[in-house]
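Right after this note come the structures.
Two complexes, one shared chain (subunit A), two partners (subunit B, subunit C).
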Partner chain A sequence: MFYRLSGVHHADYVSDTRIFKLPADRNLAAFIFLFGLVAPFIIPSLYLNSYILPWLIWTAAALGLNLVTGWAGQLHLGYAAVMAVGAYSAIHAARFGIPWEFALIIGGLSSSVIGSLFAFAALRVKGLYLALTTLAMQFVMDWVLTHSPAITGGSHASLQSPTLALLGQDITSDAGYYYVAFGWCVLVTIFMLNLKRTGLGRALVAVREKDFAAAILGVNSFYYKILAFATSSFIAGVSGALLIATFFFLAAPEQFSVNVSIQVLAMVIVGGLGSVIGSYFGVALILLVPGLVNGLVVAGSAGLGTQINVETLAHIPNAVYGALIVVVLLIEPLGLGKLYGNIRDYLMVWPFDQLRK
Partner chain B sequence: MMTQRTTDVGTGDGAILECRGIERRFGGIVAVTGVDLVIQPKEIFGLVGPNGSGKTTLTNAITGFYPPNTGTVRLAGNDITGTAPHKVAKLGVARTFQNLALFNGMSVLDNILLGRHIHMKQGVLRTALYWWVAQREEIENRKIVEEVIEFLQLESIRHELVDGLPIGLKKRVELARALVAEPQLLILDEPMAGMNQEEKGYMSRFILDARAERGVSVLLIEHHMDVIIGICDRMLALNYGEMIASGIPREVVKHPRVIEAYVGGTHG
Partner chain C sequence: MDWVFLSELAINGALTGLLYSLFAIGLVLIYKASSVPNLAQGGLTMVGAYVVLALSHDAGLPLWVAIPLGAVIMFALGFGIERVALRRLAGRPVVMILMLTLGLDIFLRGTTLAIWGGTSRSMELGVSYEPLFVGDIFVSRIHLVGAAVTIAFFVAFMLFFRTRTGVKLRAIADDYMASWSVGISVERGVGLSWALASVVALGAGVIWGEIQGVDQSLSLLLLKGLTVAVLGGLDSILGAVIAGLILGIVENVGADFLDPLVGGGSRELIVAAVLILTVMIRPHGLFGRHDIERV
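Right after this comes the complex of A and B.
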């Protein structure tokens, strides 16, 4: 990470529109990608499949929500419901005997259809009213799921996911599950990075920032709001299906309840609205820190020889990670992604930044 | 009330913009009434009037934000009355706003690239398959944008966020964004508000050059009479939503009703 930059000079527009314009960023991304490829050989499968795999899938899901909330500026509190639609459609399709590749696409598309219904609310109302409308739709979806035995088997039932098979290969190994999650996360990440440099991404940001100014440039904000909801819902649907197929193996309505919706929104906001790398950090904070803190507290109390009662032990991680969210947002309202960006920008010219002052 | 005119409005034959009998009411308030406006190709047309005289309402009637209650708007002969703003943009009308309507969270370059929106295709698959589908188009449009960036001398700030720029530069970025759309008609709503004499000079030069090099017709709303007289071919003065004079700028500004509207009563 310690590199010097004496100015970025691009000789043509292709190099000026690259995703990673700096060699250092490019190398870092390549390194992380390669590390992701060899991770199953390095990381014990317990950690790989219980921490890294859900982190990757939730990151893909959070990026989808970031598309609609961060890019297009539409608050969405019913994201878990949309994920549920994808998960249940895909699993039912797979149980029906449809190959998993198509089952995942079916899951994504049915999520898109339901998610676009949310969009019609977004065309009518804005801001807090939209948040409340999408929240209401989440409750409707919860009720439908718990009261339709045909879909979920009822409120206390769970639905077994058939064995995942892609490209004619049955996937049953831990490494296999990991690679599926990794592949999906990479695809979504590349899409989101491309969004930063294409007309679609610009149009979405235009709709977010000033819809009347967008209109006079020829941007039809109705169309782009629906497109944003449909695309983000597709990502949600496939992510939800993969979450069941590679992590939970059983689908239950509680996995997509309203607090999950709020958690994904928290991931996106803590990570940074409109930031791709931020979504990775945000998901890590929300998903992994409670477990980490828990481990530290247990280890700490054992080391000190004190006995902490179970109830306190259960609440400390929640309090700590709640405090962490507050601290992060106080330090940098644009989230962890911006925080990373600041540190990166500082290191880029260190120690010569004094010369600019 | 019959309006008195120094010269007539002109015929609509071959005109870029032709507005006839425009009226727009907000509840009981008549913001604009009985306005005729004809802009010929490659003409710089000034629109003046005291605050609240209906200049911006007239622009909003043309661009579809507030469709007129009565009257017709024709763009190069086609009726566009009441067409939605994003469709009006596609038909070749670009505009800037009085209070600026830049996207503050985006760089200067992205703001100007958005001006190319109507000339580009946007789609989910294009974005996903960027290298194979979208890249060529992005680069081609970038070249067009860079021409305008050079024309308006914005090279040094192209990667900066719009948010932190001084107002003179912001106005220039907005002009650039409107120009890259290659409009037939460019509507500039007070592009020189809050500018000093030097900045006004620059902006006037840019408008004249835009017409000379790009052949746009311009509807210029301005309060600076020196600018109107300096660069406009013809002009229209409004007061209380009605036309009070139209014609050659030097004659219109001497018109008693224009003087009355601007500096108060001449009688007594």
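Right after this comes the complex of A and C.
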């Protein structure tokens, strides 16, 4: 119906290696990109900066975790700790007087170094034990952050981020913050879309499916695991730094606690492992829906004329957030990206579905 | 070196460690039967504590009625969770199952707090807080009670695994395909393990609720419980008990040495270090089964 195709048929290798295999997909992506460019002129800045901006930055972060968990198949429960490293080093660098462009890169690189430490756990164990080790490393990092005043100013302190400035321009307007987040998210998305077309992406998938078998085929799983952790940590570091610089403006250790790690993993898994579009959906669902449901409950209780306990109201988003994870996993373990793919595949050939059956 | 002080630290650490074991036994029961790492055990512990609290304080039942009744409720809850959620994901990659249990944990915590509120409440088991001196050594009574409960659970499970149902559970733990082919209902066995783990969670919730108050900090026991379970070997109940003793002593004595050096709060650091070292050096733990992976 929307696609007017009878299926995907490749006649040569060039068409097989395109990012967007369907013209309709490419047009949709171009449309969304253009919409993103003009969004500050259409969407009120309240919604732009309190919903869309965090959504874009968290999507970039989730895509980084998707690289290591979805593509390379390595469980990672310490992602927030890696984001914290990037955020704190970038902000300290910026406060020191280094231009923000370099400060962000310093943040990314220092995250890469610390994140590669997580990879050494991945070389020894995998699966559940890797998840537990990275979880323990997250706790160690939490502890270091709350106990080193030199970095964070102590457990209840916060660190002010200096004014963001890129290419010599101070960025202080709402639209400016939005464009920084949008640009970073687009960069990461393009990187991830291209990943599956490269030898690196194929090697990561081989490692994910079975690292021993990949090693037998000549894929150095040791090297690719470290590379996956380092790359995803770089993305995490810059995303963490941008999150502070454009959204929170203050860095505090609680912003990178173990719950945040679990939240990013939830975004990736609810969105779908190894799915780029899925990460967008997953972040939207985990980040925005609990708040929406809370708003609905408040409106509903006001409509019914009943008064809901404040404490109850405070915990409903958490319950909804947990329920969302469980329900999505029960409906489709491969996540929202797979659901989207199913609908798309159905509509793609809809009136003439000779591909199926 | 003050030996009395050191042994006091060690003994109290061992008693606390046995309470971690109580938590870890729940993890081990489920892992043994279905190789599922149950990260929702913290949430279950919290639910257990709140259920007993609701029955005894809100409904006014005496404790000796409230606790068994709570155990029945938790038994049903565990069975239900396995039936509704876990069974449908059986055989999926571990990352999804891990996420499912994390989601369950968040859901259970959120729902419990939404129903009963987040203010810390006390369990009021009626154990006296009078200090108890054994020789020169000060021992906490409630920890002693908790340690006794852990030992009781341990002995009960050892006996249970000798009954006919227990033998079936052991068969499932050993090789579920083979159990299936000889007509053991693996689904029911796994469900039973969830139900039993939920009852253990109620025990842990009641004791820990008495020690630190019933609030959401109960779910923070997860890291310590996981460390104990991994150190003991994820599929060994005896391992969980012994690892609990070890972790409790190491944590209590180590924190006393480290706290002045790093300015307090080194307990979490010690627990995390024990977990990392265990996984790095001996992933299958002290008593766990070492699985060989084939390509």
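We adopt the following convention: the second predicted complex is superposed on the first by the 342 of 357 C-alpha atoms of A that agree within 3 Å, B and C clash if a C-alpha of one lies under 4 Å from a C-alpha of the other, contacts with A are read in each partner's own complex, and residues count from 1 in each chain.
What we mean here is this: a contact is a pair of C-beta atoms (placed from the backbone, for glycine too) under 8 Å apart; a residue touches a chain by one contact, two chains touch by 3 or more.
Note that the structure is predicted; figures quoted are calculated from it, not measured.
Q: By the touch definition at the top of the document, which applies to A:256: first (subunit B), second (subunit C), both, or neither?
A: Neither subunit B nor subunit C is touched by A:256.
Q: Thinking of the overlay built on chain A, is A:212 touched by subunit B (first), by subunit C (second), by both, or by neither?
A: So A:212 meets both subunit B and subunit C here.
Q: In this superposition, which partner touches a larger number of subunit A residues, subunit B or subunit C?
A: Higher number of touched subunit A residues: C.
Q: Where does A:266 make contact in the superposed view: on subunit B (first), on subunit C (second), on both, or on neither?
A: second
Q: In the superposed arrangement, which partner chain does A:330 touch: subunit B (first), subunit C (second), both, or neither?
A: Second partner only, subunit C.
Q: Is A:318 touching anything from subunit B or subunit C once the two structures are fitted on A? First, second, both or neither.
A: second
Q: Looking at the overlay, what does A:220 touch: subunit B (first), subunit C (second), both, or neither?
A: first
Q: Determine, under the contact definition given at the top, whether A:17 touches first (subunit B), second (subunit C), both, or neither.
A: The answer is first: A:17 touches subunit B but not subunit C.
Q: Check whether A:231 is in contact with subunit B, with subunit C, with both or with neither, and answer first, second, both or neither.
A: First partner only, subunit B.
Q: For subunit A, give the residues common to its interface with subunit B and its interface with subunit C.
A: 210, 212-213, 216.
Q: Where on subunit C is subunit A touching in the complex?
A: 37, 84-85, 88-89, 92, 94-96, 98-100, 102-111, 113-115, 117-119, 223, 226-227, 230, 262-263, 265, 268-269, 271-273, 275-276, 279-280, 283, 293, 295
Q: Could you please specify the touching residues of subunit B with respect to subunit A in the complex?
A: By the definition above, subunit B touches subunit A via 63, 65, 84-90, 94-95, 97, 101-106, 110, 113-118, 120-124, 126-128, 130, 134-135, 138-139, 142-143, 146, 177, 181.
Q: For the complex, give me every residue of subunit A touching subunit B.
A: Going through subunit A, the ones touching subunit B are 13-14, 16-17, 190-191, 194-195, 197-203, 205-206, 209-210, 212-221, 227, 231, 274.
Q: So in the complex, the part of subunit A that touches subunit C is made up of which residues?
A: Within the complex, subunit A contacts subunit C at residues 69, 75, 121, 124-125, 127-129, 131-133, 135-137, 139-140, 142-143, 146-147, 210, 212-213, 216, 262, 265-266, 269, 273, 309, 311-312, 314-326, 329-330, 333.
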